[in-house]
Structure formats: structure tokens, C-alpha cells
Amino acid sequence: TKKLINNADNIIAEMLDGMIKAHPKHLRQLDGSPRSIVAVDGPREGKVGIVVGGGSGHEPSFVGYVGKGLADACAIGNVFASPPPDPIVECTKAVSGGAGVIYLYGNYAGDVMNFDMAAEMATMEDIEVRTVLSTDDIASAPFDQKEKRRGVAGNFFIFKIAGGAADKMWSIDECERVARKANARTFTVGVALSPCSLPQTLRHNFEIGAGEMEIGMGIHGEPGISREPLRSADDVTDGILERIFGEMNAPEGAKVAVLVNSLGSTPLMELYVINRRIAERLGRNGISVHETWVGTYCSSLEMAGMSITLIHLDDELTELLDHPCDCAMFRAG
Amino acid sequence: TKKLINNADNIIAEMLDGMIKAHPKHLRQLDGSPRSIVAVDGPREGKVGIVVGGGSGHEPSFVGYVGKGLADACAIGNVFASPPPDPIVECTKAVSGGAGVIYLYGNYAGDVMNFDMAAEMATMEDIEVRTVLSTDDIASAPFDQKEKRRGVAGNFFIFKIAGGAADKMWSIDECERVARKANARTFTVGVALSPCSLPQTLRHNFEIGAGEMEIGMGIHGEPGISREPLRSADDVTDGILERIFGEMNAPEGAKVAVLVNSLGSTPLMELYVINRRIAERLGRNGISVHETWVGTYCSSLEMAGMSITLIHLDDELTELLDHPCDCAMFRAG
Amino acid sequence: MTTITSQNLVDLFLAIAAAIDQDKERLSELDGVIGDADHGVTMNIGFTAVKNALGGLDTTEADPTTVFNTSAKSFLNAVGASSGPLYATAFMRAGAAVKGESALDRNAMVEAFKAMAKGIQDRGKAERGDKTMVDAWLPASEAIEAAAERDESLAACFAAAATAAEEGAEATKTMQASKGRASWLGARSLGHMDPGAASTALIVRTMADVFAHI
Amino acid sequence: MTTITSQNLVDLFLAIAAAIDQDKERLSELDGVIGDADHGVTMNIGFTAVKNALGGLDTTEADPTTVFNTSAKSFLNAVGASSGPLYATAFMRAGAAVKGESALDRNAMVEAFKAMAKGIQDRGKAERGDKTMVDAWLPASEAIEAAAERDESLAACFAAAATAAEEGAEATKTMQASKGRASWLGARSLGHMDPGAASTALIVRTMADVFAHI
């Protein structure tokens, strides 16, 4: 497959260079640790620091959420690979304001190992570190093993809520509590239609038939629940919502926020067609929509497909979700 | 190719339905004219109305720019097809505040015919209508026939500047003047790597070899200047900048704004790699970058490729570009 | 001498709609080479809308002008694009040309056809040789005028128009307009038929077929 | 009895780097079936970094522990991912196991190898049967221990380890871990070799080849 790149070995460095040049008011690279991206206007004395991170290739995740009111720093990995401990530790030191630091990231074996090593190192420097793993991807493990699930696009809600709490100067206990609550109430299912390719290989990362889709595929192309014939947007949406409703347990009168996320090359036109059905189904169930986001929030390079995320809000989560933020690639409130 | 859609014949209606449901605070559909999308909080007495429009399939263009401080309304066409006069006229009536209305859209034969018919009809209803066509696509006609050129991603700058002027309650003469000035100083060149397909045909809209790219292809897949072997991101960027520099005539010390736009499936990673080179080249020429936008602003469904737009700013244009806006799919200031 | 009733006109539009539906893929493919690959889609959307709108007409009540105007309006509102204003103007001008008549004789029908061609040229302001549908409509219009002057039958007049439209469409293959896009495209635009001219040839040929059986 | 110098260790790492580079596409393809298609890329980035870092070492000065620690650090910082912490821990543990030695005899080298396997298990907390590289490292570690107890040569010890690693990797094909992802995947995870186990087999086989020639 074709890409507009230079030497694939330099792609992350070049991407970050272009990003910093595009967003100098929002982002800076740490001296001596170029894979540590910190909010120009975020970390401050007495505030809980929020460090996110993960593999590259999911842009605007995760670095796009670095900014006032959301994450204070992001550690950048290679394509689809967790960052090593060093840049995580450097992020941690840079955003520590004496009130502790929370690591927020999706639950992947590699990320867990690297962030845990970083946490040990940060602790040795007397920074209190808490970790909240996102596990919103219903398709990645059964309900009774929710802690095994992957974190996917639902990160958006979880990061935003925790970032809001930290920006309001809540304590680390409170920030951790709302992050865990947000994660517990966030549910995502995705479908993939066609693969992407890694810059280093330029080969499709999986194969899929012309009339097929993969339900529950992970954001790196990990196999999902099942491979099925491609169906209509409404059918696919209904199938996803069945799974989400089955776990969310939102009664009539409940309030949710919705994220319809492109995995890369699925255009807005399709996402809005899907959102039409989501709104219809929620309305029919008597569930009200507090806010809807539609677009590319957590991608897999140029993979085709999309995910639907619902977060079951309560008053506290609503207030935090509404809290303003100003990030390089995302603004709200 | 695979798409998540229902009946292709209903795709525009369904898209708009999903869009209004997602963005009820920003967008509304006119009663009896569902292809007319109006800003909830935009048009007002004494303000010049800004009506944009064009074919669908370019999302977030053009409807994504409807909102306070930018466009007041957008007329929606079928995929890659101008809207007919009726929804344009309805938009015009809905946003007219007694100070006249400006039509802003890209220069395509179909759009010109439909908008001109609409302008005649609006004039019969005593609304003064002016038209400013965007013609930023360098690749679509030679320099001495600039008025023949297509309008592409540069719309972003032109709409934003005109919308800012209107929001500041400038007169229709002044709004028209700055829109024309913005257009005259905006230059875009794009490259396409792989095709998209229309929902109605599900067939590639053009064919291109595995190692090829098309320089200057239009945003509907219209042939460009030349078909060439795919080169590195830096080489492609340099080639585009040569063409733009050749027309822009920006002296050392000049100021520009930059838009690196994905045509659909080219991911942010590649766009940022490209922006790195743009920033480097501009720096070397002593041209300063006032602001940079990177992302999907004017797409061709899931086409792969990107465009680079530079606008050569002066103080007036800078002030208008900085003017805040709050749209469904875009916020600034 | 044959006269064309409103019902005949409706049948004519239905025949065109069927022909376009059949050939829509070829038209989109032609558009893919030098345009945006949607001409078949657009024409099909347009004539499907015409078909539906005419289905609601009571042809014992509606005069030919009403048939043309209904077609114009429904085509335009369903389509937009380039084809919308061009064909809507064509149909409206045809309606105006036969205003007041309750059925059309050969001369009226020829005038209606010429008004279509004129409408398309007025609306789009394309010149001959610009590689558009005008390069099919104009020769067809001239051919039908000449045939009528030779006092040929309605069927023969439309047969002449159809042949001229087909030749005109064929000729667009050799055209490389000197302006706009074509000046970049250069030789790349050569060798390909203009999709709008191709659909014109199809439409006029369908007209000739229908009139051959009235 | 053979002893392994720091230079020998450097050569060992270079041989592994070359083997991974050669086989990286197969490893990524294996990862494409049950993972994210990057294992070959990642291992290659890691061992390329190791190669470059060791190139800067003066092996007349650096002891074996330094070679291991340099490898650990450079691998980890270049890679992250799952493999980074796993292999970094492995190399660091090997370094710790031979701390203070200026060259390694058979027993020291075997201890270093066993420390690697232990490090990988400690870091990743995977159990046998979870379908990870542990399913190759553990059998290899047990095989080398048994061979050393039988007092076989260094070359024979590593040959035994390599065979066990290969068998372990092969066995991952039949594994369908009962937890996490695999419980959705069900039968779909069957029949495919774990990429991390595959690279382990390659690494240990390369070690055996190198030690066969020392």
C-alpha cells in the first residue's frame, strides 16, 4: 500500500516534529526526551498530573488530548507499540505538581509492562503514581473478565473526565475514583471493513474478504468476535447497540454521551448515517443523549471501520465531561 | 468497495438526520427544505448572510463550517453534485438579515449554474446576493486563467475570513472585498494516491497504479496535471511548495497560514510528516507561520492523498482568520 | 400526420428514464475518465424523479407544457449538479415553446426539441468544441431543423437528430478544449467521449425510437 | 572448556540481530494472524538498536554484565511494546547473574540463559499455556538445565535449548488460552504459532549456532 512517508525508521520523530511545529501553542517536546510531549499550558503546582500514552498510529489519540483541561503529557510509542519506560518517566516528572500523577491508558500487555516499570521508577523519585487502565472494548473479553478487556475509543470519555477532575484541582483519590467510574460506565464495540498497513512493512496487517466485516476487531487489527458478511449500516449499528445495551444497564430516563469513531478511512458521511440510527434507538429506549461526538478520535492508521462508544452518565460525570478543554486536536466547553 | 450504508438513494437524507441529531446546538434543518442547513446561532438582523454549499462527500466541508463566526447556512447537494437552486434560495431567505447575502463556493460548472439560478430567484425576493467563487486549486488551470480554477481545501481560509468579516458586521461590500482578497492569496495543490467510490456505484472512481500518484487531482477525482511515480513525503511536499511559491510571491518576512488536508484516508501521521517539511521550507525562505491546521477539512470520501494550502496573510486577513468561530465540526479563536 | 399527446410525452420520458437506468454504469465510467464518475448516477436520479413526478400527473388534464415543466422541476430538484440546470432549462424552454397547445404536431415537436438545445446552450454558455453535451445537442438541433425543412416525417426528423447527436458525441473524443482544465490535461483528455454528450446521444436516440412507433 | 568473552557475547547479539532482520517479515505475518502484525518490526528495531549500542562498546574494557546491560537498555528504549520490557528484563537478569565475571564458562552461560527465561516470566507474568514466548523460553530453560546437569558441552547445552524452544513454539499452535481475548476468539486462535514464541525459537537456535562454532 501507498503512503506519503520518508524513511519509515524516522517516521515517529518526523511526525512529532511536524506536530510541534503545527501546534507550538499547545505542545512541547521535553529536552532530551523527544517522545515525551507535554502541554504548554497544563501542568501546575498542586494539580494532579495526567499522563497518557500508547502506541502511535492511533492519531489523534493519544497526543491530541494533551492540553489544558485534559491530559498534561503523552508518552509516544512506535507504531502500535507501547512507549518504553523512559519517556513515561520523563512525562511524569514534567507534570508532577506535588499532588501525584495518574497514568491513564488502554489495557494492553505491552503498555502495562512499560507503564508499570515507569511507575516504579517515578516512585523512586518520590512521585506518587496511580494507574487506571481503560477497558471499554466489550469485544475483547467476556463480561466476567472485564479487567482483561482492551481500551479503545472510550479512552476519549475516560481521559476527558479524569482530565476535567484534575483541572478542577481535585485530589488524586477523587481523580482516580472518577476515572474508574468513567471506565466502568463506558462501552465500545467496533467493526473493521478493511486493513491498514504499517509504515515499516507496507503490507496489509490482516486479510478480509470483499463482502466481509470483522466484529469487535481491536484497534491494531487484532481479531475480534466474529467475521460476518457485511450488512447495512442500520443492521451493524443495531448489533453493536444490542451488545452495549446488554452491559450498560441504563434505565429509561438515563443519560448518555455518544462517540461515533472512524478507524481511519471510513468517512464522516457513514458515521453520520450510523449516528442517525443510534439516536433513533436511544430515543426509542427513552435514553437521552447529552452530547455526541462524530469523527476520528482513535484510529488505526487508514483502517476502514468504526466504533460506537456510549458512556452512561450521572451528574458528576456530566459535569466533568462538560468541563472545558483546549487541546491541539480537540477543544470543548 | 465496502461501505457502512443503507440504501444509497437515501444516504444524504440519513447523513443529515444523523448530523442534526449529533449537533442540535449548532445546526438545524429548514422546515420543508431538509437540504438547507442553517446555523442555530448565526444569522441576525443587519448582518451579511454567508451561504456556502456544494456536493456532499467532502465532509466536513461544507456543512461543518456552519456556525457563529463562519457560515450561516449550507445548501447540500448529492454526492459530488451541486445542490439545486431551491435549497440555496431557502438558505438565502433564512439567513438574510437585510444587509445582503454572499454566496461562497468552489468554482465548478454545476455549482455556478445552480447558485446563479438561486441568486436570480433571491433577487426577485429583494435580497441582494453577491457571489465569490473560490479558485485556489493551482493544478486546475494555468495562472493566466485563474478564474477557471477549481475551489478546493482553500475554501477553509476563504470562508473563515469572509465569515469573520460578516460576524463583525462589516458591510456586504467589505465582506465581498475580503473574500476576494482571501481567494486571490490562497493557493492549493493536492496529490491523490488511491480512489474513492460513490455510494451508488461502489466502484473506484478512477484507477491508479500501485506505485503511482496523481499530482493536482481534483477533489472528485478529476484528472490533475500529471501522473507520476510515488515519491517520498519530502519530495512530494517540495514539488507542491515549488508550485505554490511560484505563484504566491511572498517576500522574506511574509506571514502565511498553513492547511495540510487529508483527502480522506491519509492519516494524521503522514500529514504531520508533511507539515514538518512545510515548516522547514517556509523557515528557510524566511516566511513565518501564523497558524497551522492539520487534518481532514475537505475530503473526497475515502480517497487517499492530501493537499497543501497556503494563504499569504496581511494584517487584515490575519485579524479575520483569528476571529472566533463555533461550528459543529470546527472551532477556533 | 402524427400528433403527440401529453400521454405520448409522458411515455417518452419513461422510455428515456428506462434507457438511462440501463446505461448508467457506462455513463459513470465515461465520467470517471475526465470528470467525477457520477454522470450516470446523476442522470438516473434525475430521470427517476421525473418518472415519479409524471406518475402523479393526470394526462387527460395536463397539457404538454405541464408535462415539460413537471419534468423540469422534478429533475432539477432531485439532481442539482451540472445536468440539473441544463436539463431543467431544456425542458422548461420546450414547455414554453409549445405553450397553449393541447397536442403537438411535427412542427411543434421540432420546435420543442430545438428549444431544448438552445436552453442547454444558454444555461451552460458552452461553445461548440468545449467537449460538453452541447457538442451533441447542437448538431442534433441543426439536423432536426434541416429535416423538418425538407418536410420529412416526425420519425425521420428525430432519426436524423439521433444520428447527428451520436456523431456529435463521437466527435467529442477528438476534442481537447483549449480552456480551463483541458489546458493542463493536454493530450490526456483526447480519445475519451464526453459523458454528457454520450447521454445526449442516448436520449435523442430513445426519442427517435419512441417516435418511430407512434 | 570454552569460555565466552565479552567479544563473544557481542558477536552473539550481532548474530541474533542478523537472524531477526532476515526473518522479520515472517514474524510480522505471524503476529498479523493473532496480534497486531508488528512483532518482526519491533524485534528488528530492538536488535538494530542493540547492534548499534554494542558497536560503541570497547570489549577489551566492558565485562559481560556491561554487554548484557547495554543490550537491555538499548533494546528497551528503542522498542517499548511487549517485547521491550520482556527482553530488557531478560538481558538485565542475565547481566546480574554473571556480575563480576570477566568471562563466562559453561555454567555461567547456562545460568545467564536461565536468568533470561526467568526474567521474561517475572516481567510478563504469563503462565505456561498462555500462548506467549514463555511457552518457548521455559522449555528451553528446563532443557538447558537438564543438559548442564548431564554435564554436556556448552554447544550441546544450547543445542538442547534450541530444540526445546522450537518444540515449545510449535506447541503454541495447539494452544487456545482460556483467558482474555482467546475466550472470544475460541477456535480461531488455534492452529497459529505465537509470534513471540517463534522469535524465541529463532534467537535460541542462533545462540546454539554461534556456540557450536566457539
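The letters A, B, C and D name the chains in turn, as written, and every chain counts its residues from 1.
Keep in mind that, in the parts below, contacts are C-beta pairs under 8 Å (C-beta built on N, C-alpha and C of every residue); 3 or more make two chains touch, one makes a residue touch a chain.
Remember, predicted model here, so these are calculated numbers, not experimental data.
Any chain bridging subunit A and subunit D, meaning touching each of them, is missing here; the list is empty.
Per-chain Cα centroids separate subunit B from subunit D by 54 Å.
One inter-chain figure worth recording: subunit B and subunit C are separated by 32 Å, centre to centre, where each centre is the mean of the chain's CA atoms.
Measuring from the averaged C-alpha position of subunit C to that of subunit D gives a distance of 73 Å.
Across the assembly, subunit A contributes 79 as residues in contact with two or more other chains. For subunit D, the set of residues that touch two or more other chains is empty. Listed by label, the pairs of touching chains are A-B, A-D, B-C. Taken together, the subunit A residues at the contact with subunit D in this complex read 9, 55, 77-86, 108-110, 113-114, 117, 139-142, 145, 148, 150, 198, 200-201, 203-206, 216, 218, 220-225.
Of all residues in subunit D, those touching subunit A in their complex are 25, 28, 32-38, 40-42, 45, 76-86, 123-124, 179-181, 183-185, 188-189.
Residue ranges of subunit A in contact with subunit B, taken from their complex: 2-6, 11, 14-19, 21-23, 56-57, 59-60, 79, 191, 193-194, 199, 210-211, 213, 230, 232-234, 236, 258, 260, 264-279, 289, 292-296, 299, 301-302, 304, 306, 329, 331.
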